[in-house]
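For reference, the structures are reproduced in the following blocks.
First chain A sits with chain B, and in the next complex the same chain sits with chain C.
Now for the complex of A and B:
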C-alpha cells in the first residue's frame, strides 16, 4: 500500500512539471500533503502514540490545509497572474523530471546498503531534485516558495524511512523550516506587492551599476 | 476465436455508447446505440468517388487499413484462451500491423495532393510516433514481469495479488486508454466534431474518401476501440471461468466506452503544441510501470 502511495506521489511530480496554472500547483501541493499523511500513518506504526498524532496533525493540518490556503490567499492578495511562466517549455520540464526520476533510480540501485529502504530513498531524492529544478526554472517568487515546499516534502519522505528510530527531531526541523519559509516569504511578498505591484524575478537582471 | 467474436460484438455497440454518453452529458437524448452501425451500412451501399489526381494507392489504402486492424485483432487473446494467432513477441506484430495500416492511410492522404490532408497526415504521424514508446515500455515491462513474450502467456501469467500489482494494472489501464484515444484521434489530442480543416487531424485525412471507402475506415475506427477495450479487460481477468468472464468482458467494454465518453465531454482539446508533452507524459508513466515491475521482481530492493 505504501508503495502505491509513493508511486502516486511521483506521478504528482510529473503533473506538477506540466501544470500551467498557479492554482494547480497549490492543489497538487495539498494532494502531496494528503499522500504524506497516509504514508506517515502506514509507515510510522512503531513510534509512540503522542508523537504519531503530532506528525499526522502536522501533515494533514499544515501540509494539506494551512499552507495551500495561505498560498491561495497570497495569489489572490497580490494579484499574481494565473500562468506559471516557466523559463523552459513544459515539454522540456517533463523530460527533465523523468530524467531525474530515472537517474535517482539508477543511482539508488547502485548503492549496496541493506539498511536503506530504496523506495523511500528514490522518492525522496527525486522529489528533492525536482523541487530544486522547479526553483531554478520558474519565473515568479511564489513558485520558488512552492518549489521549496516540494523540497520539504522530499525531506519528509526521507525522514519517514528512518522515522521509527528518530521521529521527533526530523519532523520538528521540517515543520519549523516550512513555517519560517512561508511566513518570511509571505510577509516579503505582501510588502513587495504593496510597493511594486510586480514580483517577476526576471526583472532583477535589469539591475546594473552606473 | 472467442476473443475475435466478442471483440466484434463489442465493437458494434462501443461507438454508439460513447456517442450516447456524450449526448447525455450535454443534456440531449442523442441518437440510438446502433446509429454508427447504421451509418456504416448506409455507406457500404454506396459507390466511391475518386479524384482524377489520385493514384491506385488512394483506392487500396482504406482496404489495407481495415485489413491491418483485423490482423491485429487476430492476436488479441481472451484471458486464458489464445487468439486465432499466437506466437512469441506477437505484441510487436500487433503494434506494427496497426502502424502499417496507419502508414497506408497517411500516404493515401498525401496522394490526394491536398495541402490540408498533408498537414493532418504529418500531425497524425507525429502523435503515433510519440505514443509508440509508451505502449512498448508497458508491454515490455509486463513481459519482463511474467517472463513470457506473447499476449496470451503474459495475460495468463499476470496474477493480480498484491497492492503494487493493483497499482501497476491501474497505471496500465490509464496508459492503454490514452493510447487508444491517440490511436483513434479522439478528444484530448483531436476533436472528431471539429468543422475546420486546419484544426482536424484524423478527419482531414479522410476528407476525400467517400462511400464504401469511408465505411471501411469508420469500421476500422470502431474495431480499434474495442480491441483496446479487450486488452484492458485482459489485464484484470486472470484465471476466471467463462460464465463469469464473458459478462465481465461486456461490463469492462461498457465502462470503457462510458469513460471515453466522459473524457470527451468534460475535457477541452489541447492546444496543438501541448500535445507532445501530454503524450510524452504517457511514456513517463510507463517508465514508472517498468520500475514497478523491477520492484516486484526483486531486481531492485
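Now for the complex of A and C:
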C-alpha cells in the first residue's frame, strides 16, 4: 500500500512538470500533502502515538491545507494565473523529469545496503532533484517557492525512511518545514507582492558587484 | 547555565521587541551583555563540562564564545549610534534590537552545541534573525537582499538536513542512533563510508552559506551589503565562525575515517575556488561594503585551505578565524562613520577621508594592513603558518596559485583603500560633513590591537585552548 502511494507521489511530479496554470501547482501541492499523510500513517508504525499524531497533524493541517490556501490567496491578490514564459517547453520538462527519475532508480540499484528502503530513497531523491529543476527553470518567484515546497516534501519522504529508528529525524523535518515556510511565505505576506508587482526573478537583479 | 541564558536572552529579545522607551531599551541591552559575559565566564570556569544534555563547553566553543562576547559589546554600542543617527520608526528600532539579541544568542548556543541537529536548529534561528536585520531599511534593494538571503539559506539548511539524514543512515551500520559528535567520533571506524561521503557533501555545501565559501557564498555578500554596518560586522565575523564550527566538528569525525583524504580534496577545491572568486570580484568592485565582504570570503578560503593541508594548518586555521573576526568586524564598525561623512558607499564618491576623520582613517589604514596580512598584523602569523602547512603537504602548485591570487587581492584592496584615504572626491560638498568624535573609533583600535597581540604574542592559555580543540584530528 505504501508503495502504491509513493508511486502516485512520483506521478504528481510528472503532472507538475507539464502544468501551466498556477492553481494546478497549488492543488498538486495539497494532494502531495494528503499523500504524505497516508505514507506517514502507514510507515511510522513503531513510534509513540503522541508523536505520530503531531506528525500527522502537521502533514494534513500544514502541508495539505494551510500552505496551499495561503499560496492560493497570494495568487489571487497578485493576479497571477499562468506560468509566463518558462525557460523550456513543457515537453522538454517532462523528458527531464523522467530522466531524473530513471537516473535515481539506476543510482539506488547500484547501492548495496540492506538498511535502506529503496522505494523511499528513489521517491525522495527524484522529488528533491525535480524541485531543484523547477527552481532553475521557472521565472516567477512564487514558482520558486513552490519548487522549494516540493523539495521539502522530498526531504520529508527521506526522513520517513529512517523514521522508525530515529523519530527525532522526522520531528526535525517537520520543524524545518514549518520554520522555512513561515520564513519564506512571511516575506511574501509582508511586502514582496506589493513592491514587485509582477514577481519575476528578472527584476531581482539590482544588487550587483559593479 | 545555558538554560538560564537561553530563557533569559529570549525574554530580553521579546521585551526589546515590545519596548518603546529608549532608556528601557538601553537597560535591556546592557542586561543582555551582562548575561552574555556571565555565560562566557561560567563556560571558562567549567571547561569540558556538559550542560543541559546538548551543550558542551569544549575548547573551540569557549574560544569562539569569548570572541563573540568581545565583539557583541562594540556591536551594541555602534548599533545605538547608528539608530540615533539614522532615525528609524520605533517599531523598526524594536525589531532591530530584538533581532540582534536573538542573532547573538543563537550564534553562541550554536558554538556550544555538541549535537549536529542542535547546531542545525540554531543555524536556522540565525537565518531568521539575520533576515529581520537585513530588511532594516524597508526599501526595494533591502527586500531583494533579504529575499535572496532567505531563499539561499533555506535551501542550504535543507541540504544540511539531508546530510544529517544520510549521516543517520551511515550511523545505523554502527548500531547506534546518537548523533552527538562525541559518539560519532567514537564510532567513526564503524560508519558506512558511502553514506558518510554523501552526508559530508550535503552538510559541507549547506554550511558554506554561513561560512561564505563556493558554492553558496552569494547570498551572504548581498546580505552584508544591505544590512546596517554593525550587523554586517556580526555577519562577516561571528556568523561565519558558526559556519566554520558546523563544518569543522563534522570534519573531525570524517578525519578519523579512511575518507580523510577525500574530504581534504573536497574542502581544498572549494577553498581555492573561493579565493579565485573573491579575487575576480575584488578587482572590479566599487562598493566598499561588498569589498569587505569579498575579503571575508578570501579569508575563509585561506582558513579552509589550512584545514585541508593539515599539520600546523589546523592550528593556524583556528587562529586565523579568531583574528579575522576581530579585524573584519572593526572595519565594518568603521564603515558606519564613513557613511555618515559621505552618505555613499561607492568608491567613486568617497575620498580624502584623513581630512574629515583622522582617527577613523587610521582605523581603515590599520585594518587594511591587518586584513591583507602584512607583517605587524596577527593575520600574518596565521597566514604564514597556513602557507607553511601547504608547503609541508607538498602542494607547491596550489601554494603558488594562491599566492598569486592574494597578490592581486592586495593590489585591488590597496588601490581602493588609498583612494578612500587620500584622493579627494570630485564634486564633494564638504560644508555639511558632521564632526565625528575620535572616541567612536576606540573600540575598533582595541579590536585591531587585540588581533596583533594574539597573533604575535599569544598567551599560553590561548595556545593551549587552540591545541586542545584540534587534539582529535590525526596529524
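The rule is short, and it goes like this: the second predicted complex is superposed on the first by the 178 of 210 C-alpha atoms of A that agree within 3 Å, B and C clash if a C-alpha of one lies under 4 Å from a C-alpha of the other, contacts with A are read in each partner's own complex, and residues count from 1 in each chain.
Criterion: contacts are C-beta pairs under 8 Å (C-beta built on N, C-alpha and C of every residue); 3 or more make two chains touch, one makes a residue touch a chain.
None of these values were measured; they are calculated from a predicted model.
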When the two structures are overlaid on chain A, which partner does A:136 contact: first (chain B), second (chain C), both, or neither? neither
Is A:152 contacted by the first partner chain B, the second partner chain C, both or neither? second
Once the shared chain is lined up, is A:204 touching chain B (first), chain C (second), both, or neither of them? second
Considering only the touch criterion stated at the top, classify A:53 as touching first (chain B), second (chain C), both, or neither. neither
Touching A:14, do we find chain B (first), chain C (second), both, or neither? first
Dominant contact partner of chain A by residue count, chain C or chain B: C
Counting only touches as set out at the top, which of chain B and chain C does A:69 meet: first, second, both, neither? neither
Considering only the touch criterion stated at the top, classify A:95 as touching first (chain B), second (chain C), both, or neither. first
Is A:107 touching anything from chain B or chain C once the two structures are fitted on A? First, second, both or neither. neither
Check: chain A residues flagged as touching chain B and also chain C none
Please name which positions on chain A make contact with chain B in the complex. 1, 3-4, 7-8, 10-11, 14, 18, 89-91, 94-95, 97-98, 101-102, 105, 109, 118-119
Can you list the residues on chain B that touch chain A in the complex? 163-164, 166-167, 171, 274, 276-278, 280-281, 283-285, 287-288, 291-292, 295, 300-301
Going by the contact rule at the top, pick out the chain C residues touching chain A in the complex. 117, 120-121, 124, 127-128, 131, 138, 140-141, 143-148, 150-151, 154-155, 157-158, 161-162, 164-165, 168-169, 172-173, 177, 192, 194-195, 221-222, 225-226, 281, 284-287, 290
Please name which positions on chain A make contact with chain C in the complex. 111, 113, 115-116, 128, 141, 144, 148, 151-152, 155, 158-159, 161-162, 165-166, 168-169, 172-173, 175-176, 179-180, 183-184, 187, 191-192, 195-196, 204, 206-207, 209-210
